[in-house]
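Some structures to go through are shown next.
Shared between the two complexes below is chain A, which pairs with chain B and chain C, respectively.
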Partner chain A sequence: MPTLISPSERDYILRGVETNIRADGRGRHDLRQITFETGIISQCSGSARCRLGEGTDVLVGVKVEIGDIEIDGAEEDFGGKKAKRGKVICSVECSPIASQQFAGRAAEDYNNELAQILDHVFNGPQGGINLEKLCIIPGQQCWIVYIDALVLDYAGNILDTIFVTTRAALFNTRVPKTSVQENEGIMEIEVFDDVDQAERIVGWDQVPIAVTLNKIGSRHIIDATPLEELTTEAKILIIVNKKGKLCGIQKSGEGSIEPSLLSEMIQTGRTIGQKMIRVLDDNLQREEAEMNSKRVKGQQFEKLGFFGAT
Partner chain B sequence: MSRQELLNPEGLRIDGRRATELRKIKCRPSVLRQADGSAYIEQGNTKCLAAVYGPSEPRLKSQIMHNKANINVEISYAPFSMSERKKRSKTEKRILEIASAVKQTFEPVIIATLFPRSQIDIYIQILQFDGGTIQICINAATMALIDAGVPVTDYVCACTAGLIDSTPVLDLNNTEELLDSPELTVAILPKSGKVTLLQMESRLHIDKFESVMNLGTEGCQAIYKIMDKSIRDSMKDALEKMNG
Partner chain C sequence: MNVQFLSPRFSHRKDVDVEMLDGNSDEEQELVTPNLSQSMTLVTPGQLITSDTQFMRGHGTYIAPPERMTSSVAGAVERVNKLISVRPLHTRYTGEIGDLVIGRITEVSQRRWKVDVNSRQDGVLQLSSINLPGGVQRRKTEEDELQIRKFFAEGDLLVAEVHAFFQDGATNLHTRNSKYGKLRNGSFISVPPPLVQRCKTHFHTLSCGIDVTLGLNGYIWVSKHITQSGEEIDPDAIYSNQNELIDDSTREKIARVCNSIHALSQQFMYINDTIISYAYEASLEYHVRDLRKPDIIDAICMEVSAKISLGKAGVL
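Moving on to the complex of A and B:
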């Protein structure tokens, strides 16, 4: 797992990016092949696992649980809104399984940083998820959606993979149906255990994905490998949704970016992001259609999980 | 839940198994790219992933041993692994205790004297939990070590066994573990039959001990056959690909 890069390697990558042929033969805007599968952890309300090329491997488990609505002394208006919404709580764990640099407590800061990005995106209106629909009893009980991402293998481009896997996992998530009854002044919630009555999360299709653009030399690339990440001068994270609307931008890295290059990068990010969402959705629908048709025919549908070809 | 329901009059347990039946085991080595060795194992609903890095340079100077390699084990539960979502810290006492037990189990088996002043890391991630932590950690770690090519004197296979209504039972799941029935975890080296781990945290009458222990040992031998077959099949596959 490289954490150091020699000047010759740096030069090699720089020149490769300039001539649009990267070390693995890809062009500047080419993604590695994405393989994913949903529904592999049966104990979760929804789950997905995504593998980027032969490297980065992310597993996301989504659990929905009933919890209390917390209205901490915020302003009147905001407090009022919060009372009628559910919550999304995200966590990211870069497992030492992925890379030795994540062993012990080394990855804590990085995990926090990634989790914060997810939290900010999904808890706002730009996150797509309809938080009002997750409210069960206004002011008291709501559904809390826990999104837990686990990075199992590291070969660059973790954040983009996490977002793509989260979108797939949210597509796969089912929230049990509830009914609220008033019993002697106390509201009681009844949760229906019937799997067929469970509903999809409203707004899953508006959930955005991330595209990280790395500036190398005077050009930019997407989907960087670890060595390319070490050569990067500056990174822009673009979070874009199905409609092409920007849901978040973050610049990181030690270098700076000229304004003209910046707008070019944002445009590239948007185009690629929208394309990725289209392809991902097509495949998600296809996987689900296959599963449903097998279920209707009474055939066994076994999830490959980790037994698929690596 | 009354004890009667764990083992009904027909001899079936809650998940439909017989008393001496193991859960369905599926395993596979070499599932990850970055790690030197990796393995994925499923025992019933418990799913576990293990990765081995090493032998490599030790990260902490204090851990360098002049005559053999230092073995480091880290275990982590995914937040979604239990029925209730909970984020468990890696430094939780119970987890550290299990990691220490796994480390001690492998110390006599790994030929560490071949690699002085180096470190062998075993990282274990539990993706779904339905009983049998230590046993699945040990089984996954064994396969990952073999996949990494770390020299070991033998496989280490572990299994749990217990007693429900005076009947010895094999391979307890979470529901059976949570109730007060006695539970024993045993790990053996299959070729010699030597016991390398023996743990029990409940009361068990000495008269019953031998039968439960023997059942556990038989379970370990059965698991050994499954793990060995899986590794040999995957090696055969790899050899075929290499030789074209």
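Moving on to the complex of A and C:
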């Protein structure tokens, strides 16, 4: 995948965006088709993989583990709140097999940047996940949700794909049931291994997704390919949830955006984000219903995983 | 505003028993199952191809003693009369002298450019190997050296020919022909190098009026057709970055051709001008933006392979 672009290609893409005919024939607000599958990693509490068109491929694994609650140094009020909450710890790795630009140490900064964005969103007030419900023993033990994203192939639009895959993985995640008992003054946690008793993460449906809007010329597009990303002057990242509420916004890139275009872009991002969440949820429910119906009938349900699927 | 989510499908390609290759050239397993577009036998490194000694071994194979012809790459087995070779699925481009390639400038040095040609090493284009503007053949001057970026800067796409090889295997390119030089007015697409066949010419104009330049290294340039008449070309403009005006219908045709080529490469079919035209015609019944969807790619490629077999049978 190129990291360089020629002036004539840049001009071609710019004019294409203006006339609403992009290089691959899409309109400005058309997304590539997304192929997804959940529950493909058996060792994780939840997992999902999404492929955007024939390009960007992201695998997300979610693991829930019991850990200590750390209050260290927080002031009284916040410390009090922190004592009753679980945590989300995110990491992103752009694998070198995805693109030559990620080889060696080059991707470290980019990985940290992406992980930070995820962290801010999921640990923040709009993260969706109910962190209070993840607390087991206030002040001592809680569930820690580890979200790990692995980018397996790159064809533009990494961050949006990571968020969509994370949402699918969180839908797929099951937290084992626990019961707390007091035994001679010490609190003991009992974890039930029964898979059927495990619960969904409370608040998974409020988890937001991201829409990246790229400003090219005087218009904006979503779901950019690598060449289009190289032509972008400025980018706006919109984090939006099911209800259409704006959970986060970030501008990057060296260009500038006029205020009127900015509000237009935010509006587009919100509409598209809400639609994506709706369609994703429908498909997640459909996939789960298919799996359950096959299980009830006693039929083999095969996860295609990595090698079987096109 | 189109949003679509899908579940993955099982790939229908059937693998064939390769040991079945026997001497009967006419009884070749024409395993044309409904979903298998070309009768393709895929092998992995180390897999036995045949033990029959009458075959000659080509690229991608080796003889494991005593007499077993084994594949050394992962790819499709090809047989031409008595020659068996394996065409790898993913490989870097290895050039021959005289090959036409499309490259992107990665570095600019004192008297040369480094060009990415999808090979194991960057190719080299020397200042002495290009046509200097001004029409007349002239010696390069120091001024040319200092203004080297006026000709090609980082990121520029160009079409060139392989002139020679250096000791370390890097290709030495040249653009000493009015057909070669900087590319403009179009869109770039990349396919696996083994899919581009060697033909007499690599500059094609499709019947829809779109130019396609097929680089043997897998880089392809799809552009608007520019009618060239020798005297009218402004000799100083051969290094210009200015695109001509491209109207909407041409732009859509370029996108359609790009998507057709992409569909062919997804199904690992050969790419030449005839096959691209077949794919273009097959794609006309779908909307441009739908051409990247897997099921439509399948449909298009099946139609193309049907036309190819009709063509081979002499009907078309």
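Just so we're on the same page, the second predicted complex is superposed on the first by the 308 of 310 C-alpha atoms of A that agree within 3 Å, B and C clash if a C-alpha of one lies under 4 Å from a C-alpha of the other, contacts with A are read in each partner's own complex, and residues count from 1 in each chain.
Here is the rule we go by: a residue touches a chain if its C-beta (ideal position, glycine included) is under 8 Å from a C-beta of that chain, and two chains touch if they have at least 3 such contacts.
Quick caveat, the model's predicted, so the values are computed rather than measured.
Novice: Please determine, from the superposition on chain A, whether chain B and chain C clash or fit.
Specialist: clash
Novice: Classify the contacts of A:R15 with the two partner chains as first (chain B alone), second (chain C alone), both, or neither.
Specialist: In the superposition, A:R15 contacts chain C only.
Novice: Would you sort A:K245 into first (chain B), second (chain C), both or neither based on which partner it touches?
Specialist: After superposing on A, A:K245 lies clear of both chain B and chain C.
Novice: After the superposition on A, what does A:L31 contact: first (chain B), second (chain C), both or neither?
Specialist: The second partner, chain C, only.
Novice: So, A:E287: does it touch chain B (first), chain C (second), both, or neither?
Specialist: Second partner only.
Novice: Now for A:I41: first (chain B), second (chain C), both, or neither, which partner does it touch?
Specialist: A:I41: touches chain B, not chain C.
Novice: Look at the residues of chain A and decide whether chain B or chain C touches more of them.
Specialist: Looking at chain A, the partner in contact with more of its residues is C.
Novice: Between chain B (first) and chain C (second), which does A:L59 come into contact with in this model arrangement: first, second, both, or neither?
Specialist: So A:L59 only meets chain B here.
Novice: For A:I5, using the defined touch cut-off, is the partner it touches chain B, chain C, both, or neither? Pick first, second, both or neither.
Specialist: second
Novice: Kindly classify A:R295 by the partners it touches after superposition: chain B alone (first), chain C alone (second), both, or neither?
Specialist: neither
Novice: Let me check the overlay on chain A: which residues of chain A are in contact with chain B and also with chain C?
Specialist: Overlap of chain B and chain C footprints on chain A: residues 54, 310.
Novice: Enumerate the contact residues on chain A facing chain B in the complex.
Specialist: Residues in contact with chain B: 1, 41-44, 47, 54-55, 57, 59, 61-63, 65, 91, 93, 95-100, 103-104, 146, 148, 150, 152-155, 305-307, 310.
Novice: If you look only at chain C, which of its residues touch chain A in the complex?
Specialist: Residues in contact with chain A: 1-11, 104-106, 154-157, 182-188, 241-243, 246, 248, 251-252, 254-256, 258-259, 262, 266, 287-289, 291-294.
Novice: Spell out the part of chain A that touches chain C in their complex, as residue ranges.
Specialist: Residues 2, 4-9, 11-12, 15-16, 19, 21-27, 29-37, 51, 53-54, 227, 271-272, 275-276, 279-280, 282-283, 287, 304, 308-310 of chain A touch chain C in their complex.
Novice: Spell out the residues on chain B that touch chain A in their complex, using ranges where they run on.
Specialist: These residues of chain B touch chain A: 26, 28, 30-35, 38, 40, 45, 47, 49-51, 53, 56, 59, 74, 76, 78-85, 87, 121, 123, 125, 127-128.
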